[in-house]
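These are the structures in question, set out in turn.
Common to both upcoming complexes is chain A, partnered first by chain B, then by chain C.
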Partner chain A sequence: MNKKLFKMIGKRIVQSVIVLFIVTLLVFLLMQLVPGDPIVNFLGANATEEQIAHYTEMFGYDQPALVQYGKWIAGLFHGEMGRSVALQKDITEVIFQRLGVTLSIVLPAFVLAVVFGVVLGILAAKNRGSRLDTVISFFANIGMSMPMFWFGMLLIMLFALKLGILPTSGLGNKADGMWQYISHLILPMTVLAMGPLAQFTRQTRSSMLEVIRQDYVTTAKAKGVTKKALTFRHQLRNALIPIITVMGVQLGGMIGGTVLVESIFVVPGLGNLMITAIKGRDFMVVENGVLIIAIAVAVCNLVVDILYGIIDPRIRND
Partner chain B sequence: MKKKLLGLALSLTLVVASALAPATVSAEETKEPVYGGTVRYASHNVTSTPGYTPENSNNASLIYLNTAYESLIYYNSSGEIIPRLATEWETDAEEPSITWTLREGVKFADGTDFNAEAVKINIEEYQKCQRNETANVASCEVVDDYTIKMVLNSWNSSTLEAVGFFVYYMSPEALKDVDTLRNTSCGTGAFQVTEFEPGVSVKYAKNENYWQEGKPYLDGVEMYVVDEPTTRASAFEAGEYDIILMNNLAVANDLISKDKYVVESNTSGQGLVMTGIIPNSALEGPFQDARVRRAMCYAIDTQALSDAFGYGLLKTLNQWAAPGTPTFDENLNGITYNPDKARELLAEAGYPDGFDTTFTTDAGSKDYFTAAANMLAEVGIRCEVNLVDESAQVNLYSTGTWEGIMGHFASVAPDLGLYMGRHLDVDGAFYAKGIQHPEDHMELLEKIRVAPTEEEKIKLEYEMQKLIYDADTGSALFGQPLYVQNEPVLKYDYVKDDNRSVDHVATWSIENCWLDK
Partner chain C sequence: MKKIWKKIKNSRIVKVLFARKAVVVCLIILALMILSAVFAPLVSPYDPYKQDLKSMLLGISPEHWLGTDPMGRDLLSRIIYGGRVSFIVGLVSVLVAGGIGMILGLIAGMAGGIIDAFIMRVTDAMMSVPMIIMALFLGSILGKGLGNICLAIGISMIPSYARVTRGQVLTVREMDYITAGTLCGASKLKNTLVHILPNCISANIVLMTMNLGNAILNEAALSFLGMGINPPTASWGSMVNDGYKYMSSNPVIAIAPGVFIMIVVLCFNMVGDALRDAMDPKLRGTLGKKKKSRKKETA
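This part shows the complex of A and B:
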């Protein structure tokens, strides 16, 4: 059984590597096609031709596209992502520092969304048609349809401007105390969790409703299985496959989708970095940023595939 | 009776209070600066390096340099040049050179002396980075410790301000390790960088070696990059920042209308940016004809646009120069809104039914320019609005490849001749490849460049504006100037004497700033 699981994991890793290679090629080609020059953006339009030539050569943008691509890929194998024109810094250092900030919001937001989403979904399914189900479904629909930007602004107005209990933006410094650090994360984390939480609630509810009607559940009930065991061992476990699929997609999406949240709350994460890099045509930062996000999505998908295999033996035997 | 007594008491209180009021104000005015505190400033402007000054060539990053570094000259609120690190200067147009007398007793933050040798090293560093401000300096001769002669390739009326204002002096010792300097600072300014997070914040602490006795008053300065205007405004209202620069007019208007904050804006015109619309007259098409270009200008009701979109923060223009700057010509016969005249000129040029064209703009100016495009359609210039992002816009105007019309952005002061040259020269960096270069314009531009005195230069700049913007005879090469926008600076009333944006849009006198908290 384990052998089959490892074979499946190996297959998925090879597929992911191929996908990542295609991603690097596509993002590189796209950046070549986008109008704008990183050097001109960095120096300003009144830079002299000599000044532009000087920096173009310094950053290797004078070389043919294929050579630039080859150098980038070769660098990746040595753990070097190149140098940012706009930041004048080593990209590896900047990206991993920013990724850490992004993950400090994404991971708690994901856990929050999973815990509340699954619990609320179960409650709604177990109390189908009740007032509780109506209330949960109503808020799940609102959560799904509420624009992130607007929700963020509402929270800022309420918690920062009216109540004055949370900061509007920025990232707290751990040196100033734990509360100072956490208080800066609460609003961005809540906004980021809202959509996935609603999605998990809806998905859990519908999956659970499907399972509840199954014959084996009726059999388990007839055998006198406790309510708790029935819910978690027989119903939730069998309802998990579609929920995990959604979770995998959402987690990957949350890492790539923090752009808006980081922009609203001025969080110096990967999304913020990407926006600045795209605006300034800092090609290498964009290319490496996309690669990191693609790796994160690939890892999420891989974990989902592994979980499928663990939860449902039929899948790993296929 | 009780009510009457109460009324009398209240009246007396009001009389006494109003009598005391002027005294309170004058007490405020004479308040002595107090030491301590940190100013937190937020804007959308970024810097790639707050320490290595030649790599900051945009006006937007000048505020960072201005905190840790100083230049030879500055501007006052009337736009006049005043001494800073130089106490005197002498220009020689015959034997092209500028001789600077430097301020004695100034030290860099690391204790190194600021002297003629330091100036020479810095000018050479700027030249190494190919900065155009120092391109005209052939050599630097150290006359003595505090006198330096800059020998110029040829006389150019713009070199004094280019070298004097746009070169920010770094310690020669610190320059030995540029990579470290990029993330720190070592200048003669009032504050020095202690922490730099690219695209996020720059934090500064007091320079203990500062040359102005008793200054600075603050312990530190923190500058934050907050790109989203509404977030910046919310954080300001929540008291997280003491000063903000607001680039979004709607948000700025919202804050100003609350009447709770002090609003500062530029008075001299230095560093202001003019916005207009410019037709591509180099590409084949109707805009090669000056009558069509003038027709385009006549079709735009600049005042109506500013009233509709400007929230009272835009000043309409009819020429390149802005009101308040020395080159602004009050008597210029500029173009004013006249759609009938526009139709007449179009018919005269062979377009009685108008024509179809493109109007390229960035998303930030979309509403304003869409309204302008509708005005153009009224006279028959039918535009398809093409939205691009800022980088694509830079690409279009630096290559001159935009089709039809696009937004025109240009600095208006301190050196109109220099800025206009960058747009008019055959190989100019801005828009120049997308416009014609008539001989008379180029000759006049050359005369401006070699003008021996400031008075002569301003006179010629008046002539140049007439040549381009005159309603009847102008070439309208730069299309229609629309407005000059003064991005307001908002602050709490306890922030004193920062002078942010007042003398020059991109500077402040942070060494004088103090907090009355």
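This part shows the complex of A and C:
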């Protein structure tokens, strides 16, 4: 049984690597179409032609596209992503430091969304048609429709400007105490969690409702299974597959959503880096940033597939 | 004509859509908003681009229902005109995505082999980059402006349509009536266009309706980040961004456009959900039950 699971995981890893390779190719090809030049952008309007030529040669932008691509990929195998023109720093170092900041928002937000989403979804499904269900469904619909940046702004208005209990922006320093650090994360985390939380609630509710009607649930009830066991072992476990699918998709989306959250709350994370890099035409940073995000999404998908196998033996044995 | 009307009135989709009160309300709100966007010059009380520095940042008043922005422009008028951007971007980008996605899905499903594998791996690659980042990235290639934003958001949504269509093609392809068509001498192309394509359309329409809201949210996000619609054109996203600076002194400027985004997206989502339920054969017949159970609970 485990052999089959490992085989499936191996197959999926190979597929992911192929997809990631296509991502590098696509991003690189598309980057060639972007108007503007990183060197000219960095040096400004007063740069002489000699300076531009010197820097272009230094960063390797004068070489043919194929050579540039080859160098990038070869570098990746050595753990080198090249040098950022705008930041004048090693990209590997910058990206991983930023990725850490981004993950410190994304992961807690994801956990928050999953826990509250699933619990609210179960509550709504169990009390279908009641006032509680209506309220939960209403707020889930609102949560899905709210523009993230706008919700963030409202929270800043309320908690930072009006009540003054949370900071408006930036990142706390761990050295200033734990509360300093956490208080800076609360608002960005909440904003990022909002949409996915609503999605999880809706998905849990609808897949629970589908399961509740099944014959085996009636059988379990007739056998006298306790309410708790009925909910978690017989209903939730069977309802989990579509929920986990949504989780995988949403976690990927949340990594993308940091672009907005980080720009509202001025958090120096990967999303912020991507925006400045896109605006400043810092090609190498954009290429590597997209790749890192794609890797993160690929890992999410892989974990989802493994979870499928663990939860549903039918999939594992397919 | 009468017959067609009767057919529309009695169709399952219309019945299901109108059976839910919330959906009817959403449809009415959407209709009103779309009409006011189309006839914006007639509806809006002021010129949305006319700056009046004497009446900067006015609060809510009978003359300016939502007040004015930092340049003295009437906020309500700008919101009405901003609706044009949102609706156009929503509709066009979804049509771009649906059109191209459907063609790619059809080709992948019908051709099979290397072509199928190639198209699917490219869509996989596109899907592994989050939609907003994909749109940002494409936006930086295409440049700002309404048409380019539609294209950028549209292209970033193609993969889901290609996948849905391909899935549908793979099921329909095996049906008996396709074999019958082939036996009657229909070419592969005719089979694809006459028998397979129509079967893919309903799933895609549902997806399009459900994605309308997402497209509008993405446009707003891009405009908020300053990579969407060029100023001074009113767009709800960029209006929120403009109002951001006046958050503590005059919060209405930033809150109002956001409320409109939320209402429009909410309505599109509700209609999309209802349409999905109406077209889902698994849920056929459950509608009556729902109604009964609701009655019981209210009693």
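General remarks:
Going forward, the second predicted complex is superposed on the first by the 318 of 318 C-alpha atoms of A that agree within 3 Å, B and C clash if a C-alpha of one lies under 4 Å from a C-alpha of the other, contacts with A are read in each partner's own complex, and residues count from 1 in each chain.
In the analysis below, a contact is a pair of C-beta atoms (placed from the backbone, for glycine too) under 8 Å apart; a residue touches a chain by one contact, two chains touch by 3 or more.
Keep in mind that this is a model prediction, so the values were computed, not measured.
Applying the stated contact rule after C-alpha superposition, one finds that A:35 touches each of chain B and chain C.
Shared-chain residue A:88: touches chain B; no touch with chain C.
Contacts of A:311 after superposition: neither chain B nor chain C is touched. Of the two partner chains placed by the overlay, only chain C lies in contact with A:148; chain B stays clear of it.
Touch criterion met: A:286 reaches chain C, while chain B stays clear of it.
Once chain A of one complex is fitted onto chain A of the other, the partner contacts of A:164 are limited to chain B, with no touch recorded for chain C. By the touch criterion defined above, A:212 lies against neither chain B nor chain C after alignment on the C-alpha atoms of chain A. When the two complexes are overlaid on their common chain A, residue A:263 makes contact with chain B and with chain C alike.
When the two complexes are overlaid on their common chain A, residue A:112 makes contact with neither chain B nor chain C.
Annotation: chain A residues 34-35, 153, 156-157, 161, 263, 275, 279 touch chain B in one complex and chain C in the other.
Remark: chain C residues 121-122, 124-133, 136-138, 140-141, 143, 213, 217, 220-221, 224-225, 227, 237, 240-241, 244, 247-248, 251, 254-255, 258, 261-263, 265-266, 269-270, 293-294, 297 touch chain A in the complex.
Residues of chain B touching chain A in their complex: 46, 48-49, 52, 55, 57-58, 129-132, 135, 182, 197-200, 224-228, 230-231, 234-235, 237-238, 240, 388-392, 394-398, 422, 427, 429-430. On the side of chain A, the complex with chain B involves touching residues 34-37, 40-51, 53-54, 86-89, 94, 153, 156-157, 160-161, 164, 167-171, 263-266, 268, 272-273, 275-276, 279-281. Against chain C, the residues of chain A that register as touching in their complex are 18-20, 22-23, 26-27, 30, 33-35, 128-130, 141-142, 144-150, 153-154, 156-157, 161, 252-253, 255-257, 259-260, 263, 274-275, 278-279, 286, 290, 293-294, 297-298, 301.
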